[in-house]
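Two complexes come next, and they have one chain in common, subunit A, joined by subunit B in the first and subunit C in the second.
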Partner chain A sequence: MSDRVVLKVGPALAAATKAGIEPYGAKPRRVLSGRNIMLYGTLTLAALYYLLPLYVMVVTSMKGMPEIRLGNIFSPPLEVTFEPWAKAWASACTGLNCDGLSRGFWNSVRITIPSTLISILVASVNGYALANWKFKGADVFFTILIVGAFIPYQVMIYPIVIVLREMGIYGTLTGLVIVHTIFGMPILTLLFRNYFSSLPEELFKAARIDGAGFWQIYFRIMLPMSLPIFVVAMILQITGIWNDFLFGVVFTRPEYYPMTVQLNNIVNSVQGVKEYNVNMAATLLTGAVPLIVYFVSGRLFVRGIAAGAVKG
Partner chain B sequence: MQKSVSIKDLSLSFGAVNVLENLNLDIGDGEFLVLLGSSGCGKSTLLNCIAGLLEPTGGQIFIKNKNVTWEEPKDRGIGMVFQSYALYPQMTVEKNLSFGLQVAKMPRPEIEKRIARAAEILQIGPLLKRKPSELSGGQRQRVAIGRALVRDVDVFLFDEPLSNLDAKLRSELRVEIKRLHQSLKNTMIYVTHDQIEALTLADRIAIMKSGVIQQLADPNTIYNEPRNMFVAGFIGSPSMNFLRGEIAERGGKPVFLVNGVDFSLDGYKAAERLQPGRKVVLGVRPEHVKVNEEAAGAETHQATVDIEEPMGADNLLWLKHAGHTMSVRVGGARRFAPGTAVTLSFDMGLASLFDAGTEERI
Partner chain C sequence: MKGQVHTGRPSKLLRNLSSKIASIPMVLTAVVIFLGGTVWTVVYSFTNSKLLPRANFVGLDQYERLWDAPRWIMSIQNLAIYGVLTLIFSLVMGFLLAALMDQKIRFENTFRTIFLYPFALSFIVTGLVWQWILNPEFGVQSVVRSLGWETFAFDPLYNSDIVIYGVLIAGLWQGTGLVMCLLLAGLRGIDEDIWKASRVDGIPMWKTYLFIIIPMMRPVFITTLVIIASGIVKVYDLVVAQTSGGPGISSEVPAKYVYDYMFQAQNLGQGFAASTMMLVTVAIIIVPWAYLEFGGRKRV
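What follows is the complex of A and B.
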């Protein structure tokens, strides 16, 4: 009689009861269920899809040219060599000169650091002012800034070239830093404004009652509370500016070309044999900085993205 | 009475929405004034205007007879306590207390003296080195009060300071705020939507609705002689019973007539102003109705118990009477089963009559 009642409840439960196990606590789950196979299968496929090219690059960059000519692109190197890396860094030719990527690396550093710092500094103050000091026309100003983010870069390139030329800084690093700072402004201001709006308004009011002014509130109340969003802004800017190609090639002279432009020149220069291993090494070197930035600050990045999520 | 805070014709509008309109209010020196109202009535807005955190669109604000309408918050001689405590999260309690004084460039020894005094008054001495995240809600609010205290201000502003606390802490801190007021004798303006806080703390209560002060009086007057139906219904829990009817005449005396049942108006203070035929609303508080053996006097009414709600100290009955449902409060020991017939009598001396059209007290 009791068996029949149990059968109605469900086969799993019935089986458990038949085996003499009284259901208690967490329900046992099968590891190899259809759901798990689907889930992990899809994830593994997606991961492979993205990781395979990276694997090919790393492997190829550590092979010598004779080995590459064998055509087994997936096989690991028989003889590991770091010569392609050394060549990519120090002596690969970019058409005119043959001192490798190192020059481009230092150019990129000299472009990225000031651009990142200046744009974050200005945008955070902008965002703070927009979020907390509701001045007349603040909303209009903000809207204009955001619309600016949607205008295609191509439209603005030629006018900016003229403006920079008139200012006498066309082709210099200063000019490129200014361009990067300006183009980072809409998205960064939005990011900071949303973050500061999400902080309790009463904190700001309390600070005003305590007599703190615009800069005192910014430096002593707001800044210490905003580390995650600063990390997010930094990652966005460092990776964005480091990976930039268009502005780098348009607004600078060859001796100031950033790493990405040099990479392109190395890979595309057609002199004799194509050195795939050097090209791969050069690409990995160029991508190393954003990659390291992500690894080092990944956790803070996720936290900050959640905090600065687009809101009102 | 010496005026501490004085508000003249204050208006504030956000675009087309008028939050406050020509509001006038005088607050005496050392007075505890409570601004009471449901959310959106403008009470917090008014407080923010007094604090200088919102700019009024019209009118003037005086604090200690000084026109502060255009002054910065710090120059107004006010301290403010917020609902969310608003403690600076990255600073210790001590830094929280000293921040405002440091900004004002006060000498170090004086800052320490003031912090020590505030810590003693509020009993937060052992917490001074902690961060706000390591404090309980009650401790946080105490620190927030301390932050207003160290500034040694004339006027304390409280914006729903107890609303984030649980019921037990709320009643404890309520008593502490009252004690604080008794010892400091500062002017305090306190915004709340909680009528118990208002009735227990206030010297005077200003009940607000849609940016207008409905009644400004001491708690006793507000409770017993509400000026209109809004005030009558807002104060008191459970709220006042309203019976809609009209005035009739019986033997040369006005009576209240509802669904064919007469209520003698003997004892009502303004009985001579009641013309027969006038549409009125009779307001009776649940505790002003007497039941069965307590019911006495010339006139009694019959009713049936519908629902009984025991609350421990007392017992709330929902009765059916003359086509109305009305609530009556009796002692906790007196129990009535649903369906029981009871005898009632009303104390007209404690009742309120309102005009049915204007809803104003007669």
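What follows is the complex of A and C.
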């Protein structure tokens, strides 16, 4: 809209300034036109709807239980308390264990960091091999990999359980890291393959002529040139792995349960009085890591999900 | 031909060796896990495995039992309702939001950040928040009642007839932002001249969208559709967190059926049969799309 206005006004303005007349007066475009009210009104309503659950989580987690029983869930807390947060972190119970979400948090950290690093390392090398060192038949494997991204996990879970059991790592964190590496591979390989293919081929050829080999080119040319795509992949993997529930519950023992699984066990446990404020504090704590990643990374996150949406 | 292969250089397998070694994880994943695992599950769905997989083939027994089970039928019905409504609502709402965002508005980044943040949250978090908001004692229902409308009833999570719509609300909240983002990218790909031409011809905006822009965005819509659809089939954590399949079995979904039979009821055969049916569902969605996308290109 605005650029079109500028186009029309441009020459006249130029003539006017040449004649020594400065532009003055109100802006020609009406801010409060009916169209704008409709447009921003609808968007603001939608935004409020999207923000509402976050708001409810925050206010509920800061109320005491008596206030929750009396008031309504949308009202702000009369007395702000952080006790529910402390309890959710350090002493909420799952079954007989009462050491809070902190255990799940540290498990998730211990799962997410190695899974992210290993899956990205493996997938980027795969993508690099596919983009620059394609061998005969490589495309067949790549196609299977991409088609595999659409197969429901439930179909492949049990065979993986068997393989991990045979290797003696079923139920351990190592096993779960391997599973995350496997299921992160299709989308990450695609991401890296496309990125490396888009780099100028002359670079690769020049390095070859200078005598660099497979790994040398990867570590000294490709890797330093591709940092943005590595960041995108990291965002994708950190949020994806942190938010995972199914693999956590299938492939680990209770003492290694990631945060999402533990959160679900805390909130949906049938024993005891329901403490909604503690539950909401726990939910917020679990959602905090991906939310922080999201708000900090901004546009890169959008790029990551546009590439990773296939992961579903 | 045969002679040529035999007289080929002996180093053929060793050529490009580093690349082949580096691709071992990919090859293993593709062949052993994706291909092998899938075939293995399908084959063992024809056995009567219970606690451990046993190659004792019983034909279509597991499938007959599956389709006789009320819980499976309920799961399929729920998936159908949830799936169709998710597709319709997320596409319509996602497109409306994208179209509004495309009006060269101010604060575009702020709005996009707000619409997309639920997508960064896990289904567990989503399910638990909406479980709390839809709680009949404290949530929306009680708030509306306290405003004076005493008979107001909205307790989807405790009413087995409408529980799946409660799950739907949460699912839409989580996923519509993504649809908006994908469609907005599609809208941005439309040539500005199209808009100018339709303005010159005096075509109203809604007509331009309906008859020109949307048909032009067909590929974007199809990709988005496939992404939403393959996500729908996998829906599991949301239901586990929000309703645990209840009340009774009224919000069960296929993915949960598979998990429960494989890891809790210790009836592996049923789990394999159910997961094979999930695979068939996905194939029904993906194969026509793949055909249109990759097979049909020659016609153009």
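Everything below uses one rule, namely that the second predicted complex is superposed on the first by the 268 of 312 C-alpha atoms of A that agree within 3 Å, B and C clash if a C-alpha of one lies under 4 Å from a C-alpha of the other, contacts with A are read in each partner's own complex, and residues count from 1 in each chain.
Note that in this section contacts are C-beta pairs under 8 Å (C-beta built on N, C-alpha and C of every residue); 3 or more make two chains touch, one makes a residue touch a chain.
All of these numbers come straight from a predicted model, not from anything done at the bench.
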Open item on the list: For A:L39, using the defined touch cut-off, is the partner it touches subunit B, subunit C, both, or neither? Pick first, second, both or neither.
Closed with: second
Open item on the list: After the superposition on A, what does A:V267 contact: first (subunit B), second (subunit C), both or neither?
Closed with: second
Open item on the list: If we overlay the two complexes on their shared chain A, which of subunit B and subunit C does A:A212 touch? Say first, second, both or neither.
Closed with: first
TODO: Using the touch definition from the top, say if A:P224 reaches subunit B (first), subunit C (second), both or neither.
DONE: first
Task: Dominant contact partner of subunit A by residue count, subunit C or subunit B - done: C
- [ ] Examine A:E166 and indicate which partner it touches, taking first as subunit B and second as subunit C; both and neither are also allowed.
- [x] neither
- [ ] Could you say whether A:E202 touches subunit B, subunit C, both of them, or neither, answering first, second, both or neither?
- [x] first
Open item on the list: Just to be sure I follow: which residues of subunit A are touched by subunit B in one complex and then by subunit C in the other one?
Closed with: none
Task: For the subunit C and subunit A complex, residues of the former touching the latter - done: 15-16, 18-20, 22-23, 25-27, 29-38, 40-42, 53, 97, 100-101, 103-105, 109, 111-125, 128-133, 135, 138-140, 142-143, 146, 173, 177-178, 181-182, 185, 227, 230-231, 233-234, 236-237, 240-241, 244, 255, 258-259, 262-263, 268, 271-272, 274-276, 278-279, 282, 286
Task: Contacting residues of subunit A [partner subunit B, same complex] - done: 200, 202-203, 205-212, 216, 220-221, 224-225
Open item on the list: Touching residues of subunit B toward subunit A in the complex: what are they?
Closed with: 48, 51-53, 72-74, 78-80, 82-84, 86-90, 99-100, 103-104, 147, 151
Task: subunit A - residues contacting subunit C, complex - done: 1-2, 39-40, 42-43, 46-47, 49-54, 56-57, 60, 68-69, 72-74, 122, 125-126, 128-130, 133-135, 138, 141-142, 144-145, 147-148, 150-160, 162-163, 181-182, 185, 189, 213-215, 239, 242-246, 249-250, 260, 263-264, 267-268, 276, 279-280, 283, 286-287, 290-291, 293-295, 298, 301-302, 305-306, 309-310, 312
